[in-house]
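First the structure, which I've put down as structure tokens, then a few questions once you've had a look.
Here the chain labels run A, B, C and D in written order, and each chain numbers its own residues starting at 1.
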Amino acid sequence: MQDFEPKIVAFVCNWCTYAGADLTGTSRTKYAANVKIIRFPCTGRIDFMILMKAFENGADGIIVSGCHPNDCHYSTGNFHARRRWIVFRNLMNFTGIDTERILFSWVSAAEGFKWADVVNNTVAKIREMGPYENYNKIAVSTLLKEEVSNHE
Amino acid sequence: MNELINKVTKLLNDKTIDAFIGYGQGSTDRVRAIFARTVEQASKLIYTPACTFNLSGYLLKHEVKHLGKLGILANVAALRSIMQLASEFQIKDGEVYILFVNDDASLTEFSDFQSIEAFLEKANIDITPDEKARIEKIEAMSVSERWEFWNKEFEKCIKCYACRAACPMCYCHRCTTDVNQPQWIPVASHERGNLDYHLMRAMHLAGRCINCGECANACPMDIPLNLLTYQLIDPIKTGFGATAGMKADAVYALSTFKPDDKENFII
Amino acid sequence: MDKELKILKYSDLSKLIERFRSKGFPVLAPVQKGKVIEIEPVDTLDTIALDVLLSTQSAKKAAFPKVEKVLEYTLEKAAVKQTAIDPNAYAETILFGVRPCDASGFKSLDAIFGEAPSDAFYLNKKEKTTIISFSCPTADDYCFCTSVGGGPGYTAGSDIQFTAISKDELLVEILTEKGKKLSGLFNDLLTDASPSIDKEKFLADVKVVFDLDKVISNTTAAFNSAELWLDQSLRCIGCGACAFVCPTCACFDFQDEQNTKKGVRLRLWDSCGFSLFTLHTSGHNPREVQSQRWRQRIMHKFSYMPEQLKVLGCEGCGRCSRACPVDMNIKEHLTSIALQ
Amino acid sequence: MSRIGVFVCHCGENISATVNCEKVAQISKELKGVEFSTDYKYMCSDPGQTMLKEAIKEHKLDGVVVAACSPRMHEPTFRKACSEAGLNPYLCEMSNIREHCSWVHPKDDLTTEKAEDLVRVMVEKVKKNKALNSIKVPVTKTALVIGGGVAGIQAALDIANCGHKVVMVEKQPSIGGHMSQLSETFPTLDCSQCILTPRMVEIAQHPNITLYTYAEVEKVDGFIGNFKITVRKKSKSLDEHLCTGCGLCTTKCPQKKIPNEFERGLGFRPAIYVPFPQAVPNKPVIDRENCTYYIKGKCKVCEIVCPTKAIRFDQEDELVEIEAGAIVLATGFDVLKSDFFPEYGYGKYKDVIDGLQFERLASASGPTMGEIRRPSDGQIPKKIVFVACAGSRDPAKGIEYCSKICCMYTAKHAMLYKHKVHDGTPYVFYMDIRAGGKMYEEFVRRAIVEDETQYIRGRVSTIYEKNGKLIVKGADTLMGAEPVEIEADMVVLATAGVANHGAEALAQTVHVSYDAYKFFAEAHPKLKPVETNTAGIFLAGACQAPKDIPESVAAASGAAVKVAALFSNDELTREPLIAVVNRQAPPVFSSCVGCFLCQSVCPYQAIEREEIKNRNGEVIKTLAKVNEGLCQGCGTCVALCRTKAIDIHGYSNQQVYTEVMALLND
């Protein structure tokens, strides 16, 4: 586990968190390189299925982040997203998907430092938790590597 | 039962409806849906304690719709399906003739959606204590136990899509499962394909499921699929004040919001 | 070969499984899991559900699994590099404790997959599978094997068949060379059986309910009887439960699963009951409505297969009717066709 | 097979100091579909862009990935460069290897690997990009101004003077709004009517302005550049063309005791009335609720006396359809009314009045002809107490905000009082004095120093009547919260400014968002203060939040400029990164099933219904359709759509799916 480097995908909105992460860069605040960002126009655009796709392609952790409530560039996208996450988190929890591996946050365009904290804390936490073995067992790569059993 | 047959006979004779969806005797100990288009067929209608399944899904089936103006014997679940379908613009008020059998075997006919809404306000729409207990049992497990539990259940799935076909809310012409650019849900019924499919389906039914249980009843592999959506009913009700299938003009819980929706996980 | 009749003590049955396993043969047998009975790999007799009527799914997955990898590939800069899957890389397997209808179902599959160009994946698995069936002491209302030429003690398709003739003894019919070879592993446990044993006495009574020839000729003639098919299928909701539990349904679909670097090609079960089964890219669907898909299911099994492959597509196991969420009862439907 | 070009920028040393740019370019070259890859010191420089353009032409590239700074910085730059080289600009994507990589990670292999990952993701994404064309929307060069107060007047005149048509809709019988009720204005004390009425007249006479008074907006359809508005012109029971405004009817009307709204109940008016003498239009309306004819069926005195026979008792409401390219909301505000302050006795004691009532008392055209007299007995009050923050900044009253204008008008009221009642004493209870503004602080000082207003910092706890006096109890917090008791003759409450009655309903009709206090919401509190979230709809004045006159006028001019800018083109050009509902071959036509759950999720009302008809004209399917003019591209509908029938350009399902795949499978 010593050299376990967590793979973490961040799904962020263009207007707040992406810009916030830009500010982290402009401020030269350092954070772990394990997190890679995928840009969305708004948290409202982030489909719950894309989170499933991230886990089954081998992500050990996920960050979802957007504008604070009332700050949405599109005025209400993050509110809709919030409801969706409340429900989806419930469902994940019920089906035994480890919700500790998904961090939801509001990071504004001004919160460059917060972004660095969010990333570093998440990386540290996932590093502690180890690879997401349950999901890795059914990951896409598993099917590619192993023989499909004779007796499915 | 005679009252029902007489009523439907009358409806068919005076051309109020062209076909009536009700229950008839099935194989051995089963009952099945029958579609009475003639007086003779209407005489085969039955109503017994076994007549519990939700017939409303047939209202949207292409060939059934083509029979003409439809009447239906609706139970509480079917009435709720009709309300939910109405809120999703799939059924219009007055389009379907709706009959309901009361506890004393008398018939109620619903003249409009408003009367159904009033009726449902007083109806028992809760999931059964047994279903509740099963959900609680799963909730009491640890995360990894839950994962194991569902993994074992989903392993059985053969992707026959009986759950989808039986669900009155799964009326999409092209399910996400059948979308292949991109292939969101693997077609294969391996562990991932099954997990993705059932999570997707549960999420798409969140806030829309009217707890009729047809998905689980239909499953030839006996997977308790209904629990997936049932356990979301309570959080959606307490969190957002929404219950599916109660009002014909309801706004879907997941396409609206309150600025002060409560959560405890976003930092 | 001529069949051999032997007797096995019921108490020795567990030794059979032990010996198969000790030789490294996987043993597939019905296992009770809640309300469903699955055909699964087993290690001991006590996990096998021998006294059940039928497994929920048929035994076809032993040679025709629901998900089967047929090809691997990598996406390289200039080209796609393929790696074929060796269809021979399959262990000798014993399919144990299935019913005669399951065993005879393989006849249909053999005909379908054996037709040129033959299907190496299926044929190799089938070739390496030895089937030990158990005749049926009981039946239910859904069973109609005798109406389609089979029966509770039907032996076609089985390599060995067991029939319980008393509380302690099983009649063993060694039916094929493959069966003979396998029986070498437990010859010492067998004693000769008297040829006078009346096996029929120990079998369920399954009444013939329709005239098969009538069904075949009427089905062929009914292609254009839209009303008939509509009447029968109005309640059909178009799921694939019937096809997926059927011992003879063989339709499949290919799907590629890949990431940006590599992928696999999978063969998966498919069903003619699905609306997308015949959908063309143009948007046209030659089987536009469910009644046409239902017609296809009946025609395929009772007209096209007998005509083209000289084998019936139904063993009368009744699984489709049991599994059907809306009580589409095939026995009833065939009876009504026979009476047309 | 794609032919993608990858261009890795060093950004001087900003990137290359921690990322091995040569290696990133090299590795990228090995990716499937990459035709060309290179690295360069400054991609955004002229030579850099030239290199990009030449590579596009030379290698016939059909996709470009520039790995450099944030796309929020230079995406437009590189898209433009691509466009100039003949490549559709939307086939260009950027990998952010500076802000998200080189600047936040140390120089090591992991950092270079991350840069490689980020490039790979964009290479895969760009393969799924589609060539897009910008969207053109025609513009109807007419503006609708809702509300005829000072803000609406200003906006309408500014737009009309730019040469564009304006339709103004006012709910009341006259334009003028609250400003026409004021006596004098701070900080100059010039007469409100004197500066406003000429502008009101200008509205009535302007060739580009059509004025509908006694009218309300009933329905708004359409989108920026193309709104369709239905206005209900309430019946005035009058033929306006025949009426000369002689006023005879109003003097003869036997109903004379109707509380006058314009005087805020301090005077009376007849049932057929002109709200105030300088009203525009200066023609009466019949208040049907109070008219004897409409109540009892007979009277018709006005009809009898009218010299031009202009009265029309059977006149009905008229619906007018208006096509407009832009809408300015200038519906103003209201002040909190009675029963909100039981502890202050408002509504119970006649001599406890609100600020607007005081304005009427002080106004030369008011019920007392400008003399400050108590409503109860007409006596001149010798001690008068002004209570600032009556309701404002008071969470207990549900109004947490500062109403902003009260400090100034309370000072003004004290001065006006002192100027009229030389021997009187004005007291002001206040929480803080907020006098930010040109000459504002000086104005308050004058009230204190020159006009000897007694300012007491503290809140009033209760007011009650005793021996014909109003006993005002409070505390002076600057004197150690010492209790203060004043025997006043009259009390004026500076009640909180609140959203206008019906603001919420109007917001829903017009489709703009509003805040928790029902004030209309601006698109951005700093950078888009006069825009709403609905493109083409702008805000002016106090409908957005309490504002004083100069602020309202400035906002109105701001809104007018936005409208004029919009009208400066015949067509609008919009980014095509919007949602689209798929279309497929019949018989399904689209995977959309018409559940319209997307409709309520859309913040912009951009989802419309599209009916598909067969040859006989029968509707066979109803689909969702995205209005290109309204959609802003948030994609919330896309994530909600169960059948994936809606997708969004630029962030399509294919694109984001591929990005995740590419990111996680190296």
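Keep this in mind: a contact is a pair of C-beta atoms (placed from the backbone, for glycine too) under 8 Å apart; a residue touches a chain by one contact, two chains touch by 3 or more.
It should be emphasised that the depicted structure is a prediction, and the values quoted were computed from it without experimental measurement.
Ranked by distance of CA centroids from subunit C, the top chain is D. Averaged Cα coordinates give subunit B a centre that lies 33 Å from the centre of subunit C.
One simple way to say how far apart two chains are is to compare their mean CA positions; for subunit A and subunit D this gives 36 Å. One inter-chain figure worth recording: subunit A and subunit C are separated by 45 Å, centre to centre, where each centre is the mean of the chain's CA atoms. Those residues of subunit B in touch with two or more other chains are numbered 176, 184, 190, 254-256, 259.
Multi-chain contact residues of subunit C (touching two or more other chains) are listed as 66-67, 257, 259, 266. Residues of subunit D found to touch two or more other chains are 588, 601, 640, 653, 657-658, 661, 664-665.
If you sketch which chains touch which, every chain touches every other chain without exception.
Residues 48-49, 52-53, 56, 69-70, 76, 79-80, 82-99, 103-106, 118, 134, 137-140, 143, 148, 152 of subunit A touch subunit B in their complex. Remark: subunit B residues 26-28, 30-35, 57-58, 61-64, 156, 158-162, 164-166, 178, 183, 186-190, 193, 214, 217-222 touch subunit C in the complex.
Against subunit D, in their complex, subunit A makes its touches with residues 5, 7, 9, 14, 18-19, 21-26, 28-33, 36-42, 44-48, 50, 53-54, 57-59, 73-77, 80-81, 84, 116, 140-141. Across the interface of their complex, subunit D is touched by residues 75-77, 259-261, 282-285, 288 of subunit C.
Listed in rising order, the residues of subunit A touching subunit C in the complex are 57, 140-141, 143-144, 147-148, 150-152.
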